[in-house]
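Got some structures for you, see below.
Each of the next two complexes has chain A plus one other chain: chain B in the first, chain C in the second.
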Partner chain A sequence: MSKGAILIARNNGRLDYVKQAVFLAKRITHYLDIPVSVITDSEDYLKNSFDYTVFDQIISIPWTEVKNNRIFFDGSLAHKTAPFKNDIRDQVYDLSPYDETLLLDTDYIISNDLFKSCFELTNNLMMFKESYDVAKSRNEKEFKYISDYSVDFYWATVVFFRKSPEVQTFFNLVKHVKDEWNHYRRVYQIGSSLFRNDFAFSIAAHIMNGFDKGSFVGTLPGKHYYTIDKDILWQMKDDSMLFLVEKKDYLGEYLPILTKGQSVHVMNKFSLERVINEEENE
Partner chain B sequence: MDERLEKALDFSNYMITLNNQKRMLKEKYYESLLYFSNGCQFTVTRELITFVGFLVDKGNTEDIVLTDDNELPAKIADLETFYEDILDVYFTASNEYNSSYEELKKNRKTELLVDYE
Partner chain C sequence: MSKGIVVLAQNTWEDDYVTQASLLAMSVAVTNPDIPVSIVTNDEVPKSYEKYFDQIIPIPFDDDASEESWKVSNRWKLYYATPYDETVVMDSDMLVLQDISSWWDFLKDYELFFTSNVYTYRNELVNSDYYRKVFTANNLPNLYAGFHYFKKCKFAQEFYTWLELVMNNWELFYGLYAKEEYPGRVSVDVSAAIVSKILDCNETITNNKVKFPSFTHMKSKIQCWEEPKPSWQDCVGTYINKDCEVKIGNHKQSGIFHYTENTFVTDEILERYRNKLNV
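Let's look at the complex of A and B:
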């Protein structure tokens, strides 16, 4: 069976997801030793600006504008509004050239080889349900359930899937949830109209489990460590990352936390890009 | 600022950072205790080691069913090898945890706690 990782890189005028994808592809190759392909609407930019040979395949999709705007914080005191181009994740099942695919957000920074074991585990579909806030001082309720009276939260940040009829049905269902988002967000009591893949994947998991909790979606190895966009990635060297995490109840103040050998979802993409730029300039 | 308070606040910042780093070390340790066999995931706990060791001592070493982290059954063909492997995972992870912890404890300044050079 063929296996590999897939990244999605669609720039929005504010954030350079292509740059992030190139950076992450190198780390995936280093730590997981699997081929990496990218789905992008910026193939020319990728080929003209970066070493695109880090990718096994470049899967080109048309450039589209979206109206799904959201706020991206850069630490607790600065933010920008930008389009949130997140409407293609449900198509990855069809677009992936691999039988076994590890789908990752470009801001999930791989720093160990734990995901190698995904390909050995028997579950055909795995996501993170349990997560861990690196700051550990905030209310994590929003990542436990998709709303106060609703269903379990699954992270769509990292998805492992093995092609099979059931997994195809799951991805088709995610697409349906996305297409009928205004209906499903009301049924599942989601207040915001902003489409989020985490929510769509969680709703699909709930439906596929017979409208209940269940084992249709397996658990990825390890925990989903994350920092939010109000935290700052300050430095990175090899498998170590130094974060400044938001100090609880002290707006604009931070605490340093060093991670070593732990993969972390870095939601502050601006700080991630600064660190990537520093690495490139070294 | 009163010097007594200033010193206490400095120490307070040091302790917050120290506790955060201890917490992250412990998290890394938990991840290091994962062992994969037969398509299943096992967290190597003292309970698992003791139970598997007991089975091996009693001569139950072939085609033994254990439940994994997801409470799914896994038939282990060779339990002696499994036992050796989980012991290796346990000692490797624990020794690394210990050396990282000792290193952390040596640092008496906040900036050294998060210095990765």
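Let's look at the complex of A and C:
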């Protein structure tokens, strides 16, 4: 069985996902020792600007405009609005060249080898459901359910899947939810019209579980730690990351928190890029 | 050994508990056709509902709740009213949504059993004591009489004799055992918990390690919602298909569903069950 990681890199004029993907690919190679492929609409940019040999395969997709705009914060006081190009995650099942695939967001910073064991486990589909805010002091219920009255929240940030008929059905269902988003967001009591893969994957998981809790989606090894985009990644050295996390009820003030040996979902992509730039300049 | 479900139903001037009990009996007929249901009531059971009941039993020893709007004072009499050797007592505002025959197999090892864990509509264990402060504050066992089981036996009779005593003298007993967060009115759950404490029998009458027998408890403030409304029906919808499968919001329900709000019983739901039962 072939195995590898897949990253998606589609730049939106504000954020350089290609740069993030190159950076993460190196870390995946270092910590997980598996080949990494990238799905991108910017192959020329990748080949001309970076060491693209970090990738096993470059899977090129056409450049498209999307109307799914969202606000990206850079700490608690600054933000920019940009297109949210998140509409091909459901196609990864077909696009992946591997029998066993670890699909990661480019802002999920791998800092240990825990995901190696994904390939040893028997679950054909694994995601994170539980999650832990590095700041600890904020309301984590936002990521417990997709809305107050609705179903369990699954993170589409990291998805392990083994090609199999039931996983293919799952991805087809995610696509259907995406295609009929305005219907599903109302049925699942989601206030915002913004399409999010986390929501689509959560709804598909709920349906595959027979509209109940269930075990169709297994749990990834380790714990899913995250920082929100109102926090700032300040420094990174090997497996250590220094964050400035937003102080609760004190706008614009931060607390320093250091992580070591812990993979973290860094939602402030602007600060991630600054750190990557610093690393490249060293 | 005979076995069956018994439900006490007493209409008030505003709520029709006999219809609720009839809906419960219909739900049992759909999912557990071999389990008889008897109703204990002094109210008239409409002819069209009579067929769902094994027996219609008058409340024994007169109606102690005739002057009450919260009619629970007769609950202790169910031990004497039941026609069965093994009885499951249920609240009238419940639906049975699955085959519960394996629950009887589990219960036969007990002389008396109370549910002590209940679940939200999302199938999560209820941890909130929002409606049960009196239990927490007085260290009372967390028993739910809404679903309980007994065998006709010496121990169950003793328990029910004490339950009669506590319910008929609740002001005295609550003052002794439920001083903190004093309930202010008689409650079967609190009374059963006090009897359990008096007889020191909690370990033998419940089991909080098992997921079933239990029920989904729909009181609004225990659903893990950040913004609950007074009525859970204003937060999530109810959907019932022609096979009488129930979804609350997007969650398919199973086991026993305790809807708690009288407005849940609509003509549409009654019609669904009538159609399913071909009547």
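We take it that the second predicted complex is superposed on the first by the 282 of 282 C-alpha atoms of A that agree within 3 Å, B and C clash if a C-alpha of one lies under 4 Å from a C-alpha of the other, contacts with A are read in each partner's own complex, and residues count from 1 in each chain.
In this text, a residue touches a chain if its C-beta (ideal position, glycine included) is under 8 Å from a C-beta of that chain, and two chains touch if they have at least 3 such contacts.
In this text, all values refer to a predicted model and were calculated from it rather than measured experimentally.
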Worksheet item: Should A:141 be classified as contacting the first partner (chain B), the second (chain C), both, or neither?
Response: second
Item to complete: Using the touch definition from the top, say if A:150 reaches chain B (first), chain C (second), both or neither.
Response: second
Fill in: Contacts of A:75 with chain B and chain C, given as first, second, both or neither
neither
Worksheet item: Which holds for A:188: it touches chain B only (first), chain C only (second), both, or neither?
Response: second
Worksheet, complete the sentence: Of the two partners chain B and chain C, more of chain A gets touched by chain B
Fill in: Contacts of A:206 with chain B and chain C, given as first, second, both or neither
second
Worksheet entry | Common ground on chain A, meaning residues reached by chain C in one complex and by chain B in the other | none
Discussion item. So in the complex, the part of chain C that touches chain A is made up of which residues?
Written reply: 122-124, 225-227, 235-236, 247, 249-252, 254
Worksheet item: chain B touches which residues of chain A in the complex?
Response: 112, 114, 117, 120-122, 132, 134, 136, 215, 218-219, 221-223, 225, 235, 237, 240, 242, 255-262
Worksheet item: chain C touches which residues of chain A in the complex?
Response: 141, 145, 148-152, 187-189, 206, 210-213
Worksheet entry | Contact set on chain B toward chain A in their complex | 16-17, 20-21, 23-24, 27-28, 30-31, 34, 36, 39-41, 69-70, 100, 110, 113-117
